[in-house]
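In the two complexes that follow, chain A is the common piece, with chain B as its partner first and chain C second.
After this line comes the complex of A and B, so read on.
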């Protein structure tokens, strides 16, 4: 039972981590190498909240504010000029990621930071004791993803985004301001990365270089799932997260990691558009 | 005096001048010490604190009159690079900047590359915790070996904390694997058994599968040789699942930085066995720690055993030069056996180019180490005879 809960937890968290990149890379075509660094900013928001004597959960609000401002500035000054040049976005955001790490190092030093668990202890779930913060996180994520899916499918903004992703020229022709929409999507994407960092901070190691861990897995999920849709995100998450958890439980962690690499390579080779291809 | 004489004399004087000036220059100029510490890579975290401890060592030694009557001057190179590049950096210090001795605080792959490059032509002091193994000429290994950290400690835990069933978990490289060979020996000697053994790649950041296996194994103790970030992640998850109530944890590379990252909520029943803690109670140790905290920002670069080992390296250099009267590799080798000095860690004595020393077992209280047992003058368990 614990294994099942671990699987669900792992997939939900993975989906949250990848969500931002799914928007920025999947929909806007920006290969955001600084994705992990926005997550790191979120984690340090929780550190900042805690050191100010607040609950680390205030880090979520700080993360949205910080990532929102940084994301907006970066989009205006850098990303905007690079749409439709994926390789250049890769180089530019790679530079950005180094800058972000160095700035955080300057203020917080290179060492590990601790963020306390807002809720300790465990609750009984499906007949086993499971850490309460994880249970809370799972509940929040289920609600969040349900709301997001509904908004994306039903709301006018969701329709405009889908129009922009499907055919930017036609979307512009029918009066959709794709420039503003793209700014909004980019800021939304990096904000979700920040929120992920703030929510995960009590569970993981927090340090300036932590972002690198999350980047690679995020790209794997998108490669396997396919770009440009929430369904692709869900499929990729299930595939990568499921493979890792199941193989790690059956054999060992090394096999789990190898299996993830093997699956990603197979998809790049045999099904480069992923499980759910946009076109 | 004919013209030829004058010219001869002039030429001789001109030839002699640089020689003379070099002699006088050497008498007053500092001895250059090459310091190979991590400035980048995963161990880059220890760069700032290692530099701080080195600065304190230079101050102290120069205040006592330097080495061989000359002040010392430290030149740094990055030991966090891959082995071949780190050896190149050390070579530049040696051939380019003319360092006369090299002190290293970096991983053992770098040590092997540097030792092979030096080939015994420069004294080389290797300071951090290590699995040992290397026996290059004029190379002195003063860090803690697994034999020192485990052979006295595991029987003590069996007797005083009643830990008999051990689960071994580490990152997948030479130090954890060699440590576990010694751990098995120590566990067998204390009448215990190994109920699981597992090695994780450095990329793993989800430990749920391993935690499940530990819970099912019925382990009473977990011996952890995960390093740095992996240790932080593992220990946080271990505590969140309530496992501290079931099993005690023992680490041999758990210092102050990592403990801060693990966090006070997650350190119950977490033990560390090593040669130095910032909270060591002896006078020399306390004085050193106080000076560190009053000189540097301890919040940004917390004092820790790996960093302090750089200070120990300088103390050994001072003692060695005093006894040998030179820094020629052969001269240092001739005086090395039995050479001893006193420092913050207590008395250190070279035996077979490794070092006998005190080993401290500490239990975490929040994010501080509290010493629960001192094992005095523990032999290194490894030696070089060539």
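After this line comes the complex of A and C, so read on.
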């Protein structure tokens, strides 16, 4: 039972991490290599909140503010100029990831940071005692995803976004400001990463170099799931998260990583558009 | 592009390039080619020879400079420099893959580390022969691994995309974890220490010369590869991989070769690194080192082996000295890297070259005439069989989303000559081409070409069977010269693997090539301009010329005269007609202009809503009431 809960927890968290990367890649065609570093920024927001004597949950607010500002500046100064040069965005954001890592290292040092659980204890769930912070996290994520899906399908902004993904030129022609939408998408994407970092900070290893793992796992999900649909995101998350948890439990972490790497390679080879392609 | 890139060529490679013209088996087999070959010293040939001269000169300068370091500076400096020369070799591999072939390997430390760890096991034992064999293994194992990975990732794509870069990053992460955890083999976190120096050299004195030899060999290899036809094809891949596949090149293999070479260089550097440092730790296969390799290649200049080497040596040495004294150093490097990526794609070397041109006011070499004379190229395999084209669409279904684009298309073509495909917009004309050339998935039905089932064949496989395609919007290699564009078409489906490594292949020509130059005299005038810089009309003609030069059995021409003036349309139509007829080939031509259809077509196929509505002579079609109903009298 605990295994099942672990699996669900792992997949929900993974989905949150992937969300931002998928939005930015799906909408702007920009593979944001600094995605993991924005998550790291979120985690360090929780560290900062704690060292200021606040609950680490304040880190969520700080993360949104910090990632929002940094994301906006980056979009203005970097991403916007490189929309039609996909390789250069890849490299420039990769350079950005190094820059962000180095800056944080300068302030906080290279070592691990410790973030306390906002609250301890456990609740009985499906007949087993499960840490209450994790339960809360899962509940928040379920609500968040449901709200997002509803917003995407029902709201005017969601429609605009879908229009832009479907045909940016036409969207522009009918009066949708795609530049503003693109800025918004990028800022939204990096903010979700920041929130993920802040929420996860008490549960994971927090250090300046933590971002890469999250980037790679998100990338695996995109490869397996396919771009452009929520269903693909869910399918990819299930596949990668499931493989990772199961293999890691059976063997060890490295085997789990090797397994998802192998699955991704297989998909790139045999099903390059992923499980659920946009078209 | 290929002409501009400068770099040296090892003497051993320069030799066959100049002597090979008359001695290749192709030209030997073909008497006529041999005679043409006598007329060699054309402008293009002497120009490329001049380029090779520059290459050799640069290489000699590098050799002299590196060899004099221990005397001019001191042995300890030489020892330190050696490390960055080794890193430079890895960066040269990146320059080849990324700067030339256009796909970005972000995890080169995987191969570097693999070479280094392997060296710990295979290098210490034995004499010169065994050590050399061991060194070879350290090169081949990473190359093989890279080849396999690239084949997997690139198999079903016609662009490089970000996925490859991320997969290489994921691989190096795995390598790093493995190096840390597989302690029995790698020594875990502490690594393997006490690695002896191969060939019984002295680590702090004469080992430097082995490193220099490797550096010079790597520089020569990369510079030579960039000059070969293969190097031109790599540049073409970076610009328009899709087009190259329609010429029958299996671009996934070509890219895999490039990646294998770059990984092999990584392995070589890693193996020498083990002897140089005496210790190999997981840091040798880390993400951090991979990142530095890419930064060095980018900042130094990714277009040439010299730029990459320069980047590794300059930035590397600066880092060693400044890292500890200047807290913001890593931040400065990251910012410099971002600026280079955004503003200076050719790096320091590009800036220096630009500066050099300003100072000496040397203009780019004057345009020369394209080689009329050359070595006759061998025929493509499909020409030797000389069977007339037969094509069958059997109940073909293609779907895009919920829309059926082709809805049970039956179409049979079994005669040579020109056959027009007409139909209203959305009838499925272009889609019928796309499904035949593997660009749309076949949902139902069958395709047959020359009696062979070709369901789901890739674009390059169809091209190798003799299907030549020209697109509605002309698709050429925009940054390559017109001459190189034509050359690529000339190599298509004719050049075997070893031909792609011979300079003589650059001089290949054929009757069709000569004919296209006669029909389109402008091709010679603009031969040395980039294909992206000529007019749209000229590009249409260039693309047709390229298609024709591959001498296909079946032409697929999608509105070949789109965007041309009346005169140009008449000219190109006449050329198409004459070329196809005289070759005994068949052509399917999508055309909207009914007067053009009337003058061109031996027969007409009318498509409507994804099916064949009618076929027959132009008169039959004109009299057909169903066709009239579809067009509703709306003749264009």
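FYI, the second predicted complex is superposed on the first by the 272 of 279 C-alpha atoms of A that agree within 3 Å, B and C clash if a C-alpha of one lies under 4 Å from a C-alpha of the other, contacts with A are read in each partner's own complex, and residues count from 1 in each chain.
FYI, a residue touches a chain if its C-beta (ideal position, glycine included) is under 8 Å from a C-beta of that chain, and two chains touch if they have at least 3 such contacts.
Not measured: the values here are computed from a predicted model.
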Superposed partners chain B and chain C on chain A - clash or fit: clash
Chain B versus chain C as contact partner of A:88, first or second or both or neither: second
Which superposed partner A:98 touches (first chain B, second chain C, both, neither): second
Touched partner set for A:245, first chain B, second chain C, both or neither: first
First, second, both or neither for A:31, with chain B first and chain C second: second
Which of chain B and chain C A:272 touches, first, second, both or neither: second
Partner chain in contact with A:3 - chain B first, chain C second, else both or neither: first
Which of chain B and chain C A:254 touches, first, second, both or neither: both
Where chain B runs into chain C (options 25-33, 79-87 or 313-321): 79-87
On chain A, the residue positions that both chain B and chain C contact, one per complex: 213, 253-254, 257
Sites on chain A touched by chain C in the complex: 31, 78, 81-82, 86-88, 90-92, 94-96, 98-99, 102-103, 105-106, 212-213, 215-216, 219-220, 223, 253-254, 257-258, 261, 264-265, 268-270, 272, 279
Complex contact set, residues of chain A against chain B: 2-3, 6, 9-10, 108-117, 120, 122, 129, 131, 133-134, 203-207, 210, 213, 244-245, 248-249, 252-254, 256-257
Residue ranges of chain C touching chain A (in the complex, touch as defined): 102, 104, 106, 149, 152-153, 155-157, 160-163, 165-167, 169-171, 173-174, 177-178, 181, 287, 291, 294-295, 298, 327-328, 330-331, 333-335, 337-338, 341-342, 345, 400-401
Chain A partner contacts - residues on chain B that touch it in the complex: 44-45, 47-48, 172, 198-201, 203-206, 208-210, 212, 229, 232-233, 236-237, 240-242, 257-258, 260-265, 299-302, 367
